[in-house]
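Input: one structure, supplied below.
Chains: A, B and C, in written order; residue numbering restarts at 1 for each.
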Amino acid sequence: MTSPTPSLNITGNAIEVRKLTVDYGARRILSNIDLDIPSGKVSVIMGGSGTGKSTLLRCILGLKLPTSGSIHMLGTDITTATTAQLYQLRKQTGVAFQGGALFSSMSVAENIQLALREHTNLDESTIQIMTRIKLDMVDMLHAEHLMPSELSGGMTKRAALARAIIMDPKLLFFDEPSAGLDPSTSAELDELILLLRDSLKMTIVVVTHELESAFKIADQISIMGKGIILATGTPEEIRASADPEVQGLLHRKPRETVVDTEAHLKALVGETS
Amino acid sequence: MQTNITSTASYDLLTLSGEVDLHYSPTLRENILGSLKAGKPLLVDLAQVSYIDSSGIASLVEGFQTAKSAKLGYGLLNVSSPAMQVLTLTRLDKIFALYTSTDQFETALQA
Amino acid sequence: MIKALEKLGTEVLDGLEMAGRTCNLLLLTLWQMLQPPYRFYPIVRQMYFIGARSISLIIISGVTIGMVLGLQFYYILARFGSVNLLGQGVALGVIRELGPVMTALMVVGRAGSAITAELGIMRTTSQIDALECMAISPGKFMVGPKVIAGILSVPLLTHIFDFVALFGGYFVGVVMFSVPEGSYMNGMVDAVQWVDVRLGLVKSLIFGLLVTLICCAQGYYMHLTKAGSQGAEGVSFVTTNAVVLSSIAVLFSDFLIGALLP
């Protein structure tokens, strides 16, 4: 077998975020964020709730305009791009939303096919086979004709992933892949993410708060604190980080056992006289 | 993507090169089904394929299905490693008949 | 006192902002609908939902309104001894006023609220974001077909309403109160002129646009309002809002059109 050099660019950065600041009214959600997403790698953005990681994702997806700063995706600055440019970029990106965001009036298969029907002139038979190939990849062939309301949480996430990769995007975004899933399903999804990176050379961005899966799949991890990025690096670099907040997140302490029973009781039942 | 068809007495050889993506797979599909509809066995040479997406794979699958129902020989020749990875990912590497030489295919045809 | 003024001020500003967004949605949708590819099937589907599935409601309410109108006009006209004007009264009242207005209000209640709820749910569950991220413009995919279907369906429904209402009036007048059939029918034919039909048509076209557009805008821009962060409760809030606002818009524009067109 011959192996010609892949023509897809797998060096450099797929996304470059520079000095990104987002305000909601007077509240500053993100301040001065710099972030590089390397091509062909799995990058994980991790942080607790309220750290602004969803806002960062919405900005990168062009769903929210930042107060200031720039976001270059595949070479185009999406903060200044025209709608046509933005749509051109979006045909090369796939997004699996946290709640799935499947269109509730369409079956699973129709959800997955929608982008193909809107953007390509492929034959019906090709569309059908492509749909089944993707459904098979996420192990959902049996659910082809189900409606989104009939799916469990894990099935919804897998259907959303199948929909996100139907156009074989260069860039895949996955919001909270393992939230609310049982361990074996979430491990399957993790494996699939790595397969997509290796065989389709996808650049994958995962937003999550799950430590274990993050360290399993990531080539690069960025840890977010309140509106800022505390550290970015390989999993090893993150583990070795000296930043106390990063260490705090890595070694979440179990809640302290009750010491002051009197105070604890008071906290639960309120003041009694 | 570039395609090239060479006909021998017993089968057609379809050579693909470059990137097979959404824009080119309709052409690929026409070529594949064209040969099979003419009643000739088909060997698809994937040695020069640097990238193939699922629409390309879907066309290959449709060809496989058509060949099977028409009882015609159908195989892939010298699958390049990028294409092989996609075949493995989609678990189709076990379904297609893979050949490393045209002689092999001819032998299989006679069998 | 100042608090109350402040509240009034923010309400007015919010209202103006929403009005601006609604116009914005109209322009945006128009622009996107003009871009190829053109798809007709979604429009047909929405016409089925907004139009066809409202027919039974329109027929029932049309007959009832026609009968009520026939009854009241009969009593009033009987006082002046001119029951032979019953046909004129019912026909003009229905074609110029009640037909378009009642049909539009029925569509608000049946289809408008469903439109707002659908778009509101799509907004809160990120389905609209998902469309955007698939490079499918929500204006073209979701809003456009509904608005076009509204503009086409409401006039058609209005004509059905008119027809059955006239029949309802006929039933009360001719069958119940024995008004001479000839005077009812001839009065109708003589009195109704092209301007009356035209007025009804213009009204129903504008109502169709207003109702679907306002209901779409309430759901589509839900995330920009206070209701945006309230999930299901927010959806019910904007749905109520949409029904109230589009009903008011129908009634107010009814007056405006009546004043501008003779």
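List of remarks:
The definition used in the following text is that a residue touches a chain if its C-beta (ideal position, glycine included) is under 8 Å from a C-beta of that chain, and two chains touch if they have at least 3 such contacts.
Just so you know, these numbers come straight off a predicted model, no measurement behind them.
The most distant chain from chain B, with centres taken as the mean of CA atoms, is C. When every chain is represented by the mean of its C-alpha atoms, the one lying closest to the mean of all protein C-alpha atoms is A.
Chain centres here are Cα means. That of chain A falls 35 Å from that of chain B.
Remark: chain B and chain C have CA centroids separated by 57 Å (rounded to whole angstrom). Distance from the chain A centre to the chain C centre is 42 Å, each centre being the mean of its Cα atoms. Across the complex, chain A meets chain B through its residues 1-8, 120-123, 125-127, 129-130, 133-134, 136-137, 166-168, 195-196, 198-200. Looking at the complex, you find that chain C touches chain A at residues 121-122, 125-127, 129-130, 132-137. On the chain B side of its complex with chain A, the touching residues are 18-19, 21-22, 25-26, 29, 47-48, 50-51, 53-55, 57-59, 61-62, 78-82, 84-86, 88-91, 100.
Chain A meets chain C in the complex at residues 58, 61-63, 86-88, 90-91, 93-95, 97-99, 101-104, 114-115, 118-119.
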